[in-house]
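Listed after this line are the structures, all set down as structure tokens.
Shared between the two complexes below is chain A, which has chain B as its partner in the first and chain C in the second.
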Partner chain A sequence: MTLTLPSAREEAWRWTDLSGLPAIVAAVPDAGRDALALAAMPAAIASERTDTRLLFVDGVLHSSSTPGRVRLSAVDARTDHALGRHATADGWTLDLAPGQIANVEVVHVATGAASHVPAHVILAPDAVASVTETFVGDGWTNRFFRAELGKGARLMRAVRLLHASGFQSLRDEALLGEGASLVATVLGAGEGSSRVDALVTIAGEQAFAEYGGAMLARGEQRHEAAAVVRHAAPHGQSHQSWRAVADDRAVASLAARVEVARHAQKTDGIQSLKGLLLKRTATVNIKPELEIFADDVKCAHGATVGELDRQSLFYLASRGVDPARARAILTRAFVADALDRIGEEAVRDAFVADADRWLDA
Partner chain B sequence: MLEINNLHAEVDGKPILNGLSLSVNAGEVHAIMGPNGAGKSTLAYVLGGRPGYDVTGGSVTLDGADLLEMEPHERAAAGLFLGFQYPVEIPGVSNVQFLREAANAQRAARGEPALSGADFLRLAKAQAEGLSMSMDMMKRPVNVGFSGGEKKRAEMVQMGILDPKLAILDETDSGLDIDALRIVGDGIERIMRKPDRAVILITHYQRLLDHVRPDQVHILSAGRIVRSGGPELAHALEREGYAALGLEDARS
Partner chain C sequence: MATKNAEAIAAANKKYEWGFATDIEQDFAPKGLSEDTVRYISAKKGEPEWMLDWRLKAYRMWLELEAPDWAKLNVPPIDYQDAYYYAEPKVKPTLASLDELDPEIRRTYEKLGIPIEEQKVLAGVEGARKVAVDAVFDSVSVATTFRKELEAAGVIFRSISEAIREYPDLVRRWLGKVVPQRDNYFATLNSAVFSDGTFVYIPEGVRCPMELSTYFRINAENTGQFERTLIVADKGSYVSYLEGCTAPMRDENQLHAAVVELVALDDAEIKYSTVQNWYPGDENGLGGIYNFVTKRALCQGRNSKVSWTQVETGSAVTWKYPSCVLAGDGSVGEFYSVAVTNNLQQADTGTKMIHLGKNTRSTIVSKGISAGRSDNTYRGLVRVAPTAESVRNFTQCDSLLLGDQCGAHTVPYIEVRNPTATIEHEATTSKISDDQMFYATQRGLDQEAAVALIVNGFAREVLQQLPMEFAVEAQKLLGISLEGSVG
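Take a look at the complex of A and B:
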């Protein structure tokens, strides 16, 4: 496959290092790796409500999956996104009728090669879906996720990037109808690098979108989240809350944009981007953008980058907590509110455990 | 228990403590008073090991061990508790989580087994009740949204849970109304008035000493102790002020 990748000379890609991808594309999957053992490594999400479990090994559905309501075939969704457009293989589709409910858990295992899988979620009015995705292994896992939410539909989405090495790229596109609600949380807590791109369009009145998460980077890792919320209808609410943590020589980047169209009056958009540098050799890039054409809107944004508070560190030390643990506690507190928004307790607990494992390592 | 000998310390290159010596025995409560700028808080921070407070001479031992050689968290495990004049707010970390981490870190450092969640909560509840704090408050982030008095009560709950040998309480009475002062004073008495415990109270006012009667009172001025006596010394100060003793506010 010939692969055209975006260049770091392009503004939207200047913080992303895609130079390792051609080598991964040329690699073959490691058939000797035990995919089930790899999939079992992250904290299991023991949610009783899960009715659909999908395990993809190098982009191919594993026989242990229980597809439930999901259809596995060519996906009727395309994107022109620079990485997402490569996800043209067979993928999965969740198509819920009005009022239907589904709880989907997807685990993607990579054994050293590249895979590109699309997904399409269509929620009819008042349908409710929860989609949790976990990425483990080594290689390049490239995913395109498209969601269409009908009137009053709700989608809870939680994604954790836990690769041991390599690269994970995710392109999310969501279209929200009237009164629909999307709550999406991304956690980057592996040892690979990543790029998360999102475009959420508020297309119906009074829709609600929360898109955010925590990206934890150390060593030579590079994590980047680039999210756009486009308000194209009045009375929409959006909340983008991202936390970036960078240690060693790592780079964690956040670019978040709110766009408010001329007729999208009474929009309420909140953006909170915070970076934490654990070492002075690390880098956090933060780029908040507001593009507002309507005149009656409320858009608040905050962007900060800092180090751990010295007074808090001494306070913890004075009570007997050693410096490494004190730093972990304060770093955990820094990312906590980005994970608190995950509604389902079992999912939230698993994500918090992953973040803790990263912090304690 | 605590032996401070000819201690010199500076902050930002400025000498603050200039040959301070003090001996505190187990079972004793000492009060340190003195005008603003005398070095009272600096003494507390130097003993706690706060970064930026540099010891330039002298020695400090706690039960014979060299305190100045220890990291701040090691001093805590060795039995030192520092009560902060301005307790620090830590958003995102609950009092319960903070204290369980602290208690178990100290226990681990001393080779003791960790407290279970249930045992810790029982201990926390008992100590919180002793200072009229609800467990709801204990579940809130450390000092966030607490009034001045609540912060000081929370500090005493911390002291009760951590059960130190020696507490250095830096203006624990500041910002307290009369009721809170009684609650905090009773808490200090209950937690620390024991034959194997000791307390250094740093204060400006006699009123805390009505609740926690000191065995010795010291007056600190220009970085050294210039006078020591019994509780009557604090009364004399309250009546006559520092000027009558020939001492002036170092900042004025």
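Take a look at the complex of A and C:
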């Protein structure tokens, strides 16, 4: 496959550095590595409700998986997204009938090479699904995820990027029908770099979308989230809440956009983007964008970038908390904001633990 | 709602008040752009060799560049060979007094409402505020008033061509320092073919005794206007500069690519105010000015300050980002903007605040008002360099939508590389609520007056930054641009 990648000259990619990818594409997977041990590392979320477990090793389904309702074959969803379009291999499809419920947990293990896997989730009216994905290992893991939600369907999606090195790219596309609800949370707490792209389209009236997360970067890492919520129907509600933390020489970038189509009146779109710089060599880039074509809408966004609040640090110091601990507490609180959105307790606890592990390292 | 809106649109399509053309013989350079055109312009202006070389260098760079397409603008391809790059009124006025002006030009000014008469009156009155006008009539500076008084203060206020002849060292030192020749497509084009413009130098410690102002006006059909403005404020000086524009009604799109460079040294302050009311095209989007402007200020000195204030109501297409490079420690950049779009107008405007020095501060207040089927985009960048300690920025972008056929967009970039920075950004999008309209009409205002009142209130934070002479004109313009557009 010839690999054409977007360049930093393109407006949507100006903060992204994809220069390392061709080398990874040329690499071969390391068959000698114990994929199961790798997968166990982040301690797979022990939720009793999980009925489907998938383990992909370098993009190939591992025999230890329990596919449940998931079908593994060619995926009939396509995208023209610059990275997502490369995910043309076989992938997984979850197709739920009205009212059905599924809890899916997917772990992607990479051993140093590139892999591209698409996924397609189709929820009939009132179906409910929870999809948790964890990414570990090294290499370039490129994923395309498409969800279609029927009337009143609900999808809870949680993604952990825990790469030890390499690059993780994720393209999410979701189409929300009337009254459907999507809550998606992304946590970047590994040591590799990443780019998360999302396009959530509110196609039915009174749908609800929440897309956000926390991107934690240190060393030479570059994390970037670029999410778009497109309101194409009236009375939609969306909430984008992102937190970026950058340490050392890392770069954390957040670009979130709310688009409101001409007829999508009574839309309520909220954006909250916050960046925290822990070292003076780090960089945080933020772009809270609005594109509004309807006149009776409520769209507000707030964006801040700065260091830890001195007053809060002083308060904790005055209460006898030592400075390192005080910084950890405040950073944790900063990140927790974005992770609180996860509804399922076991998943939320696992995510918070991952964030803590990153903060304590 | 739909019928109400249709009425509003109909009422908003008021004819361009300033649409007329003056018949004065003009001297044209042949159509098209080539090295010869550049040489012709330079020769016509009697420029020294270094200036011609500078222009030619820019022209050659321009040939290699591509027109930018990242803005949220839908601009048909521009045929740069199908335009005139130089037009000069044949009746060459001597620069003594207003009385020596071609009466036709005088009448044009009067029709435009340029308050030259009023300014003369003002000047005659003891203690009244004075305004110096360097009027640019299709590329050539026609008259410069108040020169004597300015000279007594040591202020140099010249058309740029005069300045190149009279103060070559000063011009050469600063020209292209803030906006380099290769800066961007339109700035490079301007560097090659700029016809005229203004040069201001305020010496150390001088507070410019009057507001300086220039009126630009595009007159000849198909003439691109390429103005070049350079203002240098030396240590501890202050100047307030007003720029106002109107252009006659024409069916063909006219290109305007100006460059404005400001330099503020230690403790200097420059206040640059613009009211832009070029022909926006008719209700079907026909005609109208293409306005691609590069405006940038370099706050080089410690504690220097540059304040941009703009009221943008005209042009079919506006592409304009007055910016501040805050290099000096403690320097301050401000940007206050009201951009109004109606009918099929498109505006993509905003600012860049580049924080390089310690303790630099910037404030951005942008008010976008969209009506008709127009698109109004705020595009901004706040960048904090690793060297910039304790930076503060506050940004507020508010959008007001009149009608449901228009668009309001906000594209702010924030790039922070120093943790001591405090960056705040707020944005809101709203419409004129029925409650507000009801309240105002119930108090006896008609709909138009009510809309004008509410819009002026919405834009008040910016309008109050304008010098008095401009504030009145700006308020009037807002009203005219939006008449009848009831949300």
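Following the convention adopted for this analysis, the second predicted complex is superposed on the first by the 358 of 361 C-alpha atoms of A that agree within 3 Å, B and C clash if a C-alpha of one lies under 4 Å from a C-alpha of the other, contacts with A are read in each partner's own complex, and residues count from 1 in each chain.
Just so it is clear, a contact is a pair of C-beta atoms (placed from the backbone, for glycine too) under 8 Å apart; a residue touches a chain by one contact, two chains touch by 3 or more.
Computed from a predicted model, the values in this text were never measured in an experiment.
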| item | value |
| --- | --- |
| Clash-or-fit label for the pair chain B, chain C on chain A | fit |
| Contacts of A:Thr304 with chain B and chain C, given as first, second, both or neither | second |
| Touching partner for A:Leu277 - first (chain B), second (chain C), both, neither | second |
| Touching partner for A:Phe293 - first (chain B), second (chain C), both, neither | second |
| Partner chain(s) touched by A:Arg262 [first = chain B, second = chain C, both, neither] | second |
| Partner chain in contact with A:Ala189 - chain B first, chain C second, else both or neither | neither |
| Superposed model, angle subtended at chain A by chain C and chain B (C-alpha, nearest 10 degrees) | 80 |
| Broader residue contact with chain A after superposition on the shared chain, chain B or chain C | C |
| Minimum distance between Cα atoms of chain B and chain C in the superposition (Å) | 15 |
| Complex contacts: residues of chain A adjacent to chain B | 310-312, 314-323, 325-326, 329-330, 332-334, 336-337 |
| Residue numbers on chain B that touch chain A, as the complex places them | 48-51, 71-73, 75-77, 81-82, 84, 87-88, 90-93, 97-99, 101-103, 105-106, 109, 142, 158, 162 |
| Of chain A, residues touching chain C in the complex | 11, 262, 265, 275, 277-307 |
| Footprint of chain A on chain C - complex, ascending | 70, 72, 384, 386, 399, 401-429, 431, 487 |
